[in-house]
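What follows is a set of structures for review.
You will see subunit A twice below: alongside subunit B first, and alongside subunit C after that.
Showing the complex of A and B:
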């Protein structure tokens, strides 16, 4: 079942379409507010983003990620194709495993980041924020690969938080607790195949469930039935945004500009500049951006993406970053007060050579109290680790809560 | 007789803009116009009952917002309403719409090609890179690369810095872009014929080149570099027709003490002892000024309105060689109702937008083949709009004005001057073309004005009917426009200036040539410039 009909002449009558979980979301979305995520209606918050956020850190939160761009990549050359496409060594992502990846243009500038699911031997799913068919097809020239965007053919549901494993076990997914982080397993579910990966965008224990859209509603129902005893809640994108910032995860078009849509060439970023140098494997003889990235590794980068621990409690959204001599060295791309770390946190872009772990900076924060605007210069420190990284994220089998 | 500080010839939008800035600077300015109405090709005409036609230019995007603001055109009644979107209708009854909404546009392209829908992001990124580069030079005088004057050297340095600032790869892209055909350029992004045809139209509008001719990629840029309220590439309707633009400019000019004489053209620009002294009008009147600014085309100014004895032969030869070939015609149609396009039967929303009848690069090129053969295209490319669906002021309720721009139409038919019979036959070709896509269309026609290059030249003064006052190719752009060595609005005779679209940055209702010329004139008089610089966008 497809949810969005591209080929219909009528598609323009609605600018946005209900997703496969829409009927269930509609019943629970008491705010009656909807946002758009590409072709789909998305929920910013069902009732209260704080409550939904805490469900993700304290119990179990469920998020519809169907609108995420998904591609199926197969054929004899799938591995060499992917290996030349992305910066990391895809051969190391074994069947049944998922790998985070980043891909660049020839100048070593990031086009997008995403996840590669090695579903079965030689059969891959590539998930990304941006649409990638144009770039994938450019890269496919001369390769024996099949590339299909199947965004609308796969419904995705993120089940995240400390009780998420307990929920899936209660659903009857036998052995789900044995999936290790970044692992994949398949289950029979109501006459179809349910794919479960231990992945997520929250930096916590969590799973992502993938199914054909025709089974989306029953999947939702089973998850919520099982979750009733485990404090389950639906979660909107506002809460997810908080969870991913705490986890230190970057977001395309927010923390960096995807190169394919960046008009000002100097506004793109390399993997090193995004703190993703660990995803670049120079042992591979050829991949997009290799030469440029090698040069950058030798000569240094222009920017660094840093995690900031900021004094005071006022969120530093859209703030300028200064060094201790009041020189403007960058800007904040994502910021929040972290309820779990009890810290004022931010992701920021700073000019090289700034950005070393432990470096002190200042952040110019504008804040409003009863309409009146005020400004403070708050001290901030570059930190190395994610603001939130609980041991349960890596524990297998996970505890029930 | 009283002597003015400056006389501006031609009350088109550039002439009025030029006159308005000079008058605002305190000069005593006389604006002369051959027609008994102002506006030139930026005009609203009442040619049939209660209908108002934008009978030449018909949509607005290029008009520099800095000029709009500085001349306070909003105060003088100008309102530009963006219409948003286009539709390209194919012969098989399908269409490709483009919408303000990015996701809807993407889905619509994906209906024809999934890959192209995605490639469109890359395409617009690259077009916008070129737009950003060119936009910053629109309100600047082009430097003379052969000059050693400090000002030229500084400006060359400025351009050079911006150019190198583009980055290595964009420099390569830019060099290629300026010399490519729109057809080749589009092949680097798209696979679907309808999607390519939809993009290609802007590469040839107003140009006597085909989609496969080198240099047409730039013509596309010329149509994409404007904006409405900061949205680059957006187009709008001037409320009340395009004449609302020239009227607002003219009201501003009059408010600043300007005078206008309409109804008699210039017979000759008078030169004595190597200096301009004024103009002699066709009605026998003479008017005097030390500064004469021509908004006429380059050939009309120098080959028709000056004594060749006052000019160097080499300069005159370059004027003769200036490429200003007519390539388009226009039908202005009063309609009894809204036509029904078969392809749009289920999507009336697209009737509000810019509608095109074309579906392949090859058809566009064959239309150009007819032009080369000295006839109008038998299967013409049509760019049409119904502004009255948006603007309530141009026709009675329920009645409509349709602007139909047609390409290609040659300046001469098989080498001979246009006759009325030719014009009527051309009009029928266009009517039949529209009827083929919208059965019953002809029955709705209440009145139609058919304009070939002959009418454009005779009525508006556009040589050969070229709507840009000269072809927009690299040999006639920037410091080469109109002629190398004369790209700074200063004519070859002391006191003579040029402010029309034959000059940098070229045609379209941009008003930049008029404003830039005013800046140069004020500078030559050692007066402070009141002409705005372009707004920065880093």
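Showing the complex of A and C:
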């Protein structure tokens, strides 16, 4: 295992280093392109992001999520600590379950979102998009908790797509098909423990595999051996980006500014403004931002994050959003032509009171054809549900594809 | 019971808690005060430290008590009496070339310094007036559009602007800087500069060359800066406040320490005493320091994380030790007219001396040659000691709360340093000592239940003042926890036995606590 020695004078030389699957990724990375994801090298696309995307929707795609920030939280006060940290009721995430969560500062503005894995009674893993250890340590004051950032000690591999369950079964993970969505199970694997959760960032059937980095390569090999007949492919971050937009999942620093990185107060967002009001549980007596969010609930929010179904087929990246009277009311944060939904879709931020489901808007799309720029005003409609939400995502056991 | 009357508990019968109790009771609320110690007063008490010898155990001079409070609560009729008012300050010199001053009147310096003193005093009084003018006002909240807050901010800006062009420029120039530079610009005499410099550092983790030391001096002068000696010690002030509060109907219970503040869902609902008894109330007001109130009595688990973090970062490093000597006779300060021994005597013979005493504190050590502010109250108030005997009370700096190696190992050595220093200015004093007691900030912390043993509950500095005191979000005496208010020295305008925090808190509760 490779550890970052931040205190070493030479730390800057190896600030970004190959992850535990690097040898396997390198062999498959036809494009020879690498990007940086915090401390690790990551692959944007092994060969063709569209092919990788389709593997995720129609077969099985494998993505290295080791660089995602991971924390282990334990100790007698782990539950009250997490309950004060996040807006939802963590007591309802039972052992062996995973919950999506969002956490705020005292002003009720979102610092980050992530997942809470209740691995075993009182033993939690918190995964986050951004580095959170400072905020977690600040939160620890007055709680009897142990908090470790173990990003480098856990290798993570997402195995996503309709054939993912079949692949894992063929790998010998007996009973993996019985894991329900957001469930966790543990397996013996080559003399170590393999943790499997039915989670993902694709909005489809899929699993995430967690193992110590020393067993990363053999895990990769076994997954790919088992997946040969199921059309398994490695997937880069470009394809994952497409999958998550279709699923309607938001991304920190893309669809909203994390509060800790935001200088201008009006540029932060509350959970309500991100469409995450369902994660806010006012039945808890206290959590960070509770008072501010109560006030917001009473007085109304400033913004709404909406899913847009746009006419025309040109992706609306970076577009302004207008109401039907040509008044500028917001902007698009993520957009794509969705091959699976066969729709031109986008996530957008609009000013209150806009953003009601069914509301008609316009999107100003600039697009280029052979270097020539053109502009259209496309009609768009606010929709309620994710653009891609197949029944197999929830089916247990999943069908054998 | 009048309409709208509510049951209000006050934690701690320190002077601010008592002032708050008196004003709330006067407004018709049912007020109950719980005090941990067996007597009222907090750090403003008189107690015996040796058989037959009594002393003001922490604060020992009155120089900031709000005259409005004295009048409104009619403290004189409740027993407040002064043994003497208008004490002069004498800056002692080893050689006996003492400098004596009181207001503009200064003795023992050149004509140039006399002139400089008049200008310095004029300026400082003028600027201190701005700070003093804020004492009895609830600070404005920042970032709101509420009319009272905006008016309050406008008032502050107007008061600074009203200084006139030159003085406003000068105020803005010196308010945040260090007193060493300001005094060096004006004065020649070392002993005079030392004593004036000391005013910028007393009670704080500041040297004369530290930023904020001018602000600290202005705070000290902000209620006129006249030193007064209460008859019977500081306990007299507290007893008068307690009597006033009782006269308005407040109940005061001593020897009943509060264990924790009770919460029901998201609201403070009362207190649990150390006896285990739980008592409910409509509102709880804490006179304890912010760290004790929020992190010990309430618990960080009951606060949002950002707020708890800010509270935990309040600077509360106490630096003053308190020396009490029981003396067989009046000490003989070299070259000092015995008639002047009853004045406020300071050992701060030069700015260099003060700064060097502070240097140790920066590195977690106590001063080897400390600075002192000395009072021998028995010269005016013989009742504090057996006939013919005397009491010497001194604030001694610097004695950092967090001492390298801990206080138990260093207590004796520090006491020796203090006595040796005294001996140089009053030869023979060691042989006059019958009993001695030295309270380190650690002792002050445990005896008076003040986090860090800090006089002001929170360091007196611009970044912890006004709308930032103790931290933004609770500077209006209302805390983020519904039903919980604060009224101690950790609030605006700070400590120094002034009572303004307690009165402002009462006013805020009466005006803003809603229904």
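As a convention for this text, the second predicted complex is superposed on the first by the 391 of 401 C-alpha atoms of A that agree within 3 Å, B and C clash if a C-alpha of one lies under 4 Å from a C-alpha of the other, contacts with A are read in each partner's own complex, and residues count from 1 in each chain.
Heads up, the rule we're going with is that contacts are C-beta pairs under 8 Å (C-beta built on N, C-alpha and C of every residue); 3 or more make two chains touch, one makes a residue touch a chain.
Please read all numbers here as calculations on a predicted model, not as lab measurements.
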{"item": "First, second, both or neither for A:112, with subunit B first and subunit C second", "value": "neither"}
{"item": "First (subunit B), second (subunit C), both or neither touched by A:133", "value": "first"}
{"item": "Contacts of A:64 with subunit B and subunit C, given as first, second, both or neither", "value": "neither"}
{"item": "First, second, both or neither for A:266, with subunit B first and subunit C second", "value": "first"}
{"item": "Which superposed partner A:38 touches (first subunit B, second subunit C, both, neither)", "value": "first"}
{"item": "Subunit B versus subunit C as contact partner of A:246, first or second or both or neither", "value": "neither"}
{"item": "Residue contacts on subunit A - larger count, subunit B or subunit C", "value": "B"}
{"item": "First, second, both or neither for A:208, with subunit B first and subunit C second", "value": "neither"}
{"item": "First, second, both or neither for A:149, with subunit B first and subunit C second", "value": "first"}
{"item": "First (subunit B), second (subunit C), both or neither touched by A:141", "value": "second"}
{"item": "Interface residues of subunit A shared between complexes with subunit B and subunit C", "value": "106-107, 135"}
{"item": "Sites on subunit C touched by subunit A in the complex", "value": "263, 265-266, 295, 299-309, 312, 473, 480"}
{"item": "Subunit A - residues contacting subunit B, complex", "value": "4, 6-12, 15-16, 36, 38-39, 106-107, 130-135, 137, 149, 260-266"}
{"item": "Interfacial residue positions of subunit A with respect to subunit C in the complex", "value": "77, 80, 84-85, 105-107, 135, 138-139, 141-143, 285-291"}
{"item": "Contacting residues of subunit B [partner subunit A, same complex]", "value": "94, 97, 99, 101, 103-104, 106-108, 110-111, 114-115, 117-119, 121-122, 125, 128-129, 132, 166-167, 169-170, 346-347, 349, 538"}
